[in-house]
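Just passing along the structure, written as structure tokens.
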């Protein structure tokens, strides 16, 4: 990554929130909460995970593609993003 | 939930694996790993999360819809699943 | 399907709207419209397609699972929906 | 877009195939085909639509971001892609 300190802190905060949400699912399953409740927790995790993924992609696009040090690094950053898009969008 | 012990154990194992995968993202961000690596970790979490969601939905469909105790409970379980589908599929 | 006439008409109207949206993408590509515009058209098709899929699943759940003629047909309708969920949610 | 002729032809071929797939759904609904069949057709359309979207994004990334005429156009192309990602990934 090697993004700005501020971005790194924001991404880490999102990841920690996601871990907390996963623990809520664990507790719900252990307590045998209704399926509908478990499914809602899972849907909110999915939303948060997509938000995080979109943010990492956009940071990458701005830091490593737009503000690349040189054309070679830009081409490499484009390849990395294209790979990620191919995995994600299908 | 109140599913069989076996199913509960399987679902909990999946949730714990997901927590471990989230911790791997946390470590990758802290170590400033390449974006491409972080995006691959996030893509595998997304796959695992979808697998878990699909399994909870299918368990619900079999336990609470197909094998409902009576018609009232079946109708309620159908409503819960329809809600989850509406949230998920959009 | 064999759903009510009203549901069939609603689903067909959605499919025809989707065909129209696909033709708008075709025209945009032929006219060499900006990528951003093409991507927005594709995003709205994706939303409409998900809406249609969710509606077919919910109709199936209500007509063929909840209001099944007998337990054998109900079990079969559950299997069909479980297959569809496995394809969709991954 | 203003991409190469070859790319334009490829994208148009994909869009026309998608229109054909949508017509197959229309026929299936009219013929009251089983829900499972309709859902499979819809799942294959979703896959084809995602493939097309990913291809438009990747073409845009290579043509308008990587091979931009100048830095101003590159920044604009990055904003367009970031918008599309935000719509798509959520």
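Letters A, B, C and D mark the chains in the order given here, with residues in each chain numbered from 1 onward.
The definition used in the following text is that contacts are C-beta pairs under 8 Å (C-beta built on N, C-alpha and C of every residue); 3 or more make two chains touch, one makes a residue touch a chain.
Computed from a predicted model, the values in this text were never measured in an experiment.
Student: Using Cα averages as centroids, what's the distance between chain A and chain D in whole Å?
Tutor: Roughly 23 Å, centre to centre.
Student: Chain C to chain D: how many Å between their CA centres?
Tutor: Centre separation, chain C to chain D: 17 Å.
Student: Please work out the Cα centroid separation of chain A and chain C, and write it as a whole number of Å.
Tutor: Computed value for the inter-centroid distance: 28 Å.
Student: Any chance you could list the residues of chain C touching two or more other chains?
Tutor: Those would be 50, 53, 57, 88.
Student: Quick one: do these chains touch in a line, a ring, a star, all-to-all (complete), or other?
Tutor: ring
Student: Could you run through all the chain pairs that touch each other?
Tutor: Applying the touch criterion to every chain pair yields A-B, A-D, B-C, C-D.
Student: Taking the touch rule as given, give the residues of chain A at its contact with chain B in the complex, in rising order.
Tutor: Going through chain A, the ones touching chain B are 1-3, 8, 11-12, 15-16, 18-19, 22-23, 25-26, 29-30, 32-36, 38-40, 42-43, 45-46, 49-50, 52-53, 56-57, 59-60, 64, 77, 80, 83-84, 87-88.
Student: Enumerate the contact residues on chain C facing chain B in the complex.
Tutor: 47, 50-51, 53-54, 57-58, 61-62, 65-66, 74-75, 78, 81-82, 85-86, 88-90
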